[in-house]
Amino acid sequence: MAEMTLIQAITDTMWSEMERDEKVFVLGQDCGRYGGVFKATAWKSQEDGSPDQSEKMYDRFGPLRVLDAPLAENAIIGGAIGSAIAGYRPIAEIQFMDFIDCAMGHIVNQAGVMSFKTNGSWCCPLTIRTPFGGDIGGGITHSQSNEAWFCHAAGLIVMTPSTVEDAAGLLRTAIRCDDPVLFIEHKKLYRSVKGEAPTDPDFMVPIGKARIHQSGSDITFVAYGNMLIRAMEATRILQKEGVSVEVIDPRTLWPLDLDTIVNSVCKTGRCVVISESHSSYGFSSEIAARVQEGAFWNLLSPIRMISAPDTPYPFDPAMEKAYLPSVETILKAAKGAMEND
Amino acid sequence: MTDPTKSKESYALFRPMLKTRLLDERMRKLFRQGRFKGTYFSAVGQEATNVGTGTHMREGDILAPSHRQLGAMVARGITAKRVMAQVYSKAESPDGAQQHPCHFGDPQLDIVSPTGHVAIQVVLAAGAAYAYLMDAWREGKVKINWDKEGIVWAGNWTLEEGHEMNCAFSFFGDGATAKGDFHESLNFAGIHKLPVVYVCENNLWAESAHLTENVPTEKVSDRAAAYGMPGITIDGNDIFEVNRVVGEAVRRARRGGGPTLIECMTYRWYGHSEIDPADYRTEEEVAKWKERDPLLVFRATMEERGEWDEEIVAKIEAEINEEIDEAIDWVEEESTDPQPDQFLDVTFRTSSLNEVVRREWEKRDG
Amino acid sequence: MAEMTLIQAITDTMWSEMERDEKVFVLGQDCGRYGGVFKATAWKSQEDGSPDQSEKMYDRFGPLRVLDAPLAENAIIGGAIGSAIAGYRPIAEIQFMDFIDCAMGHIVNQAGVMSFKTNGSWCCPLTIRTPFGGDIGGGITHSQSNEAWFCHAAGLIVMTPSTVEDAAGLLRTAIRCDDPVLFIEHKKLYRSVKGEAPTDPDFMVPIGKARIHQSGSDITFVAYGNMLIRAMEATRILQKEGVSVEVIDPRTLWPLDLDTIVNSVCKTGRCVVISESHSSYGFSSEIAARVQEGAFWNLLSPIRMISAPDTPYPFDPAMEKAYLPSVETILKAAKGAMEND
Amino acid sequence: MTDPTKSKESYALFRPMLKTRLLDERMRKLFRQGRFKGTYFSAVGQEATNVGTGTHMREGDILAPSHRQLGAMVARGITAKRVMAQVYSKAESPDGAQQHPCHFGDPQLDIVSPTGHVAIQVVLAAGAAYAYLMDAWREGKVKINWDKEGIVWAGNWTLEEGHEMNCAFSFFGDGATAKGDFHESLNFAGIHKLPVVYVCENNLWAESAHLTENVPTEKVSDRAAAYGMPGITIDGNDIFEVNRVVGEAVRRARRGGGPTLIECMTYRWYGHSEIDPADYRTEEEVAKWKERDPLLVFRATMEERGEWDEEIVAKIEAEINEEIDEAIDWVEEESTDPQPDQFLDVTFRTSSLNEVVRREWEKRDG
């Protein structure tokens, strides 16, 4: 029951699944000898939760199972899919989610349709891990959150952990799942989120089950990743002001656990959705649309949607601050909702 | 003076080639009669390349065709019934009628259907080949040869003498070689010396685009040099040549010798699909290639060898026609239509996820 | 003032813009000698609106300005962008929208960010034309509607015409626009929609201005492309039953003309959004989210969202029928909304 | 015995090379001192390739660099101030501080900043080159040579004697050549014989990936054969060689002779970026390459020629250091910070669209 970082839980989970099933393997740029640019494929944890730097994943499982892939996203994803239909369970890493657009065709029109186009005879047990999100000074192409594209597609599960426990449980579910999973990891949370890792080597979190991160009765916040952290900060402030907030982390972005979200809003009557991706056609709109559908008669005020602007992601720190929804943004929206304007 | 063994082998190549031709011409006709929907991609003229390659496949080898590889599938063993079920969009179709009639494969025979994105499945073949390498490595048959610093190994491994790996078969057209996917696949396979055979069917055209509008080199096989693999251009209408050259490449691949790019010069007699008048080509060009009909080339060789046997041929032809007739009767009279809502149950292996999409649909239309 | 097909108006507009500005050129697979697989780059119209088959665009403007591009979507889009920054105004055709995923990186992370990353010094006057949508027996990869991906991105204008007039006016706006435009054309409408073409050679439709396709007071329908046609069919039936429907075609999908849509719903109190793309994270959700935000206090019942399932697009005609929202689907939703359930 | 003209030319190459080195080392230091944010991609060791190429650019030629081409930009004329404004994310930066400090270009000098996607801008270069071909054709300088059927022309055209086109300059690393974008660009340029020069800086590594993990051939220039263009591998640390070989390629391109792939063997002395310890390489390898320091190679040649002149060098160095010092003083004391909300006004050229995004943002945070 060691306390560890979120990224360490990710490494540990891959490690334990690779121990368990020799068909599980990892491929990606710099994933092998280097252990990944974020060190996600480097070292498993030791007793105290810190990385055991005596042995890399590459050394433990060998260069074929921890493949230093070429600088070629189509080869990585398309190759992983090929290995999957030949019996393997690849975990492909895309170094930054920003570059996933290079392999869009393979993900959407090969992985996502594999079961469908074989009338269910074949499946595609592929996990794509990729770091997303900003607040790390990454600029245009190291900060993007493009998950909505994959939620607006067919045959793909999309999930993201915001706690250590979920990192382990969701990733294990993804690896053991026979369907393709896009597993997005918020870079900012990698080392800032810490927690106890589950000890059960079969610990899994089900697909499509939200986590009620905090219970409350006045207003519902829906968020994941770094925005969940900010939502929690806003929650603490509101709590002091006597506002009781229910905070929901959907965990799986497709399929959504609408029951949990809608039930919460039916109870609170108010909802703020917070996302750091572009404002149009994204997560915030999706949640707002579904909530107005399911909780219409219980809504006390319009659902507030908070997102990033429809501009590219700026680098300059002051701009980045202005770009991302802040705790103040959330507070303002929550107050608007509470005042039933 | 005919060598019966040889002769037998030759007819084993001839049968699927003729079956491909007869099946193909029949489907063209059926489509033109409006007896099935969509469109039809004829591969008439390209049978030798397909069959000459396809006959080298073993169980477990993946075949990743594009949209014009009926012959490879026939050689692999696809039945006329399966093909008819496919083009007629019947429940018995390999894809359950979910896909377009002309984008097909057969999961039962390890044939991956193309999705429609030209060249995407070329990458998939390299991935499967990587899996075969891992298979051999997990069985302890692969020795990695590190450089002296212990850093570099890519492509530098030795397969245990006598061991044979599975081989991935990738088919694509001349046009497809302009795609980045082609490059990323061959590059990956070249780096790791993967057991894959790349067969390019150079039929001079990619829809209305001429070869020179997709390929800046004299030969498509010139591209192989960029991947450190052998590249060769052969007469794709001579099944004996195809069979021999591909056979060598397949053997080399299985034994750890790495991938090969084989360019087969061939020609599609008809339009890109049945709705294409193909008026971008000259009549002379078409006529010239029809003279090089793979069936005639086969016959000429056999006659030269004194092995052409009208009786055998007639018998084979009759058998094939019987299979086709039966398949058509079956598909038109006995096969079953798919359930209009069945597609809702096959997007995922995880059944609860199919329920998610079904519930949403039922809310809409239920 | 000739009556012509929608696709003929598209050809004519390109033709007239190419006559007007020699920096305008066309590139795409089979666009030259063949005139495009849908013949969009083949012949301009004659007096009666039918194609004048005596001269192809290729022959009129030459093989360099009507380029038969290689089978390489990255070369087409990336190349077009390069020509744009070198002073041209490319019109790139992607043969089917299904294949646009191959060039996703160039569209989103090169065209969309060109102005931004040069602090406004450069721009990217690129038009991407591509046929989308189903109901033509195209199967998985010849029927997709992936426009929401590009609406959930930065720096891209997305538009689609549903009338002949709009085909001319919107496309001219796109070509003359200094920013990248994704111009999607519904295959089913190419020859089924006919109308009078505008005679003004400078006729343009502004970006971000919806068209009220029909005025009404009881309920608002929002749709484009083939779903607009179906919405109009449903409208005619409802009209007979005494229900007055306002039908809005947004025309530009990014940016949306929310004023027009929200004002309409404020008036009618009810809204049905119809789209043939996947149900999650798509157009229907976007409209519903924005309408609940803007017209909350006027809404009489939840906004109905109608879309295609989150499965790949099936081929079999009966399946295709089941897949797409039908007139009955729309009627059912409208009735639900009218009954204020 | 020194030939003053020659000598003068040589120092015209030396100056930008030294400026690149001094600027680069200075920025590394500034970054390590925490004086600017982001990270820093040093190109120390690769100056000769960059400058030897960059000096061939003319106004109107597009330069499409990747993330390690400071030298090419310096040769093109970028000032120390612009570069400092860039890495310090100042309002005066070529990108207005919108982009990452290390992904930069300069629109004033026709340098396209890379977005961050490796190899994407390689395609853009081909597109610009296609525009140059169209320019020449519109001016009536290009004659198309049709085949006898009047169908085929791609790449088959003649430029009017004496006419020179603009030329596009594309830079990329060894790793980038594994990307499909590389392929689609060179293929397109090969098909139409576009005026573009492809300069691959082969520094043996792509982040931690060794050359052999991205490139299956002995040389990157072997890839040229796939595109029907000349490919050549040269000593990228010898500025005279680079300058000469690139010069020939550029001249050929301008005169309608088509594209060239030039592989320059070089080395980055430091990590992929300043936060990379680069411990995947051996110390011997680094030491060996430092001996081949482009500045030392230049000096050796000049000494051999008897043209090395300490005085000139000292003078150049002093001038450069002065420019750099001034630039740093300016950037740290006089330059202006960008407006935190300015990014809202530059996504579109069409101002009403920027207003759309601004309104949405003001609703959120206003």
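Should a chain be cited, it is by its letter among A, B, C and D, assigned in written order, with residues numbered from 1 in that chain.
Following the convention adopted for this analysis, a residue touches a chain if its C-beta (ideal position, glycine included) is under 8 Å from a C-beta of that chain, and two chains touch if they have at least 3 such contacts.
Treat the numbers as computed from the prediction; the structure is a model and nothing was measured.
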Furthest chain, CA centroid comparison against subunit D: B
Equivalent interface to B-C, taken from A-B, A-D or C-D so that over half of the residue contact pairs match: A-D
Intercentroid distance (Cα basis), subunit D paired with subunit C, Å: 39
Inter-chain centre distance, subunit A versus subunit D - centres from mean C-alpha coordinates, in Å: 36
Distance between chain centroids, defined by C-alpha means - subunit A, subunit C (Å): 32
Set of subunit A residues in contact with two or more other chains: 33, 68, 70, 72, 74-75, 98-99, 101-102, 105, 109, 113, 116-117, 140-141, 154-155, 255, 310-312
Shared interface positions of subunit D, touching two or more other chains: 98-99, 103, 115-117, 151, 154, 178-181, 184, 187, 191, 213-214, 280, 343, 347, 356
Contact set on subunit B toward subunit D in their complex: 149, 151-152, 154-156, 178-184, 187, 190-191, 210, 212-218, 222-223, 225-229, 280, 282
Subunit B to subunit A touching residues, read off their complex: 62, 64, 93-96, 98-99, 103, 105, 107-108, 112-113, 115-117, 120-121, 123-134, 137-138, 142, 144, 151, 153-154, 166, 168, 180-181, 184-185, 187-188, 191, 343, 345-350, 352-353, 356
Subunit B-touching residues of subunit C, taken from the complex the two chains share: 29-30, 33-34, 37, 68-75, 98-99, 101-102, 137-142, 279, 306-307, 309-312, 314-319, 321-323, 325-326, 328-329, 332-333
In the complex with subunit C, residue positions of subunit A that touch it: 98-99, 101-102, 104-105, 108-109, 112-113, 116-117, 140-141, 146, 148-149, 151-155, 254-256, 277-278, 280-286, 288-290, 292-293, 296, 299, 301-305, 310-312
Touching residues (chain side subunit D, partner subunit A) in the complex: 37-38, 89, 97-101, 103, 115-119, 175-176, 178-180, 206-209, 213-214, 280, 337-338, 340-344, 347, 356-357, 360-361, 364-365
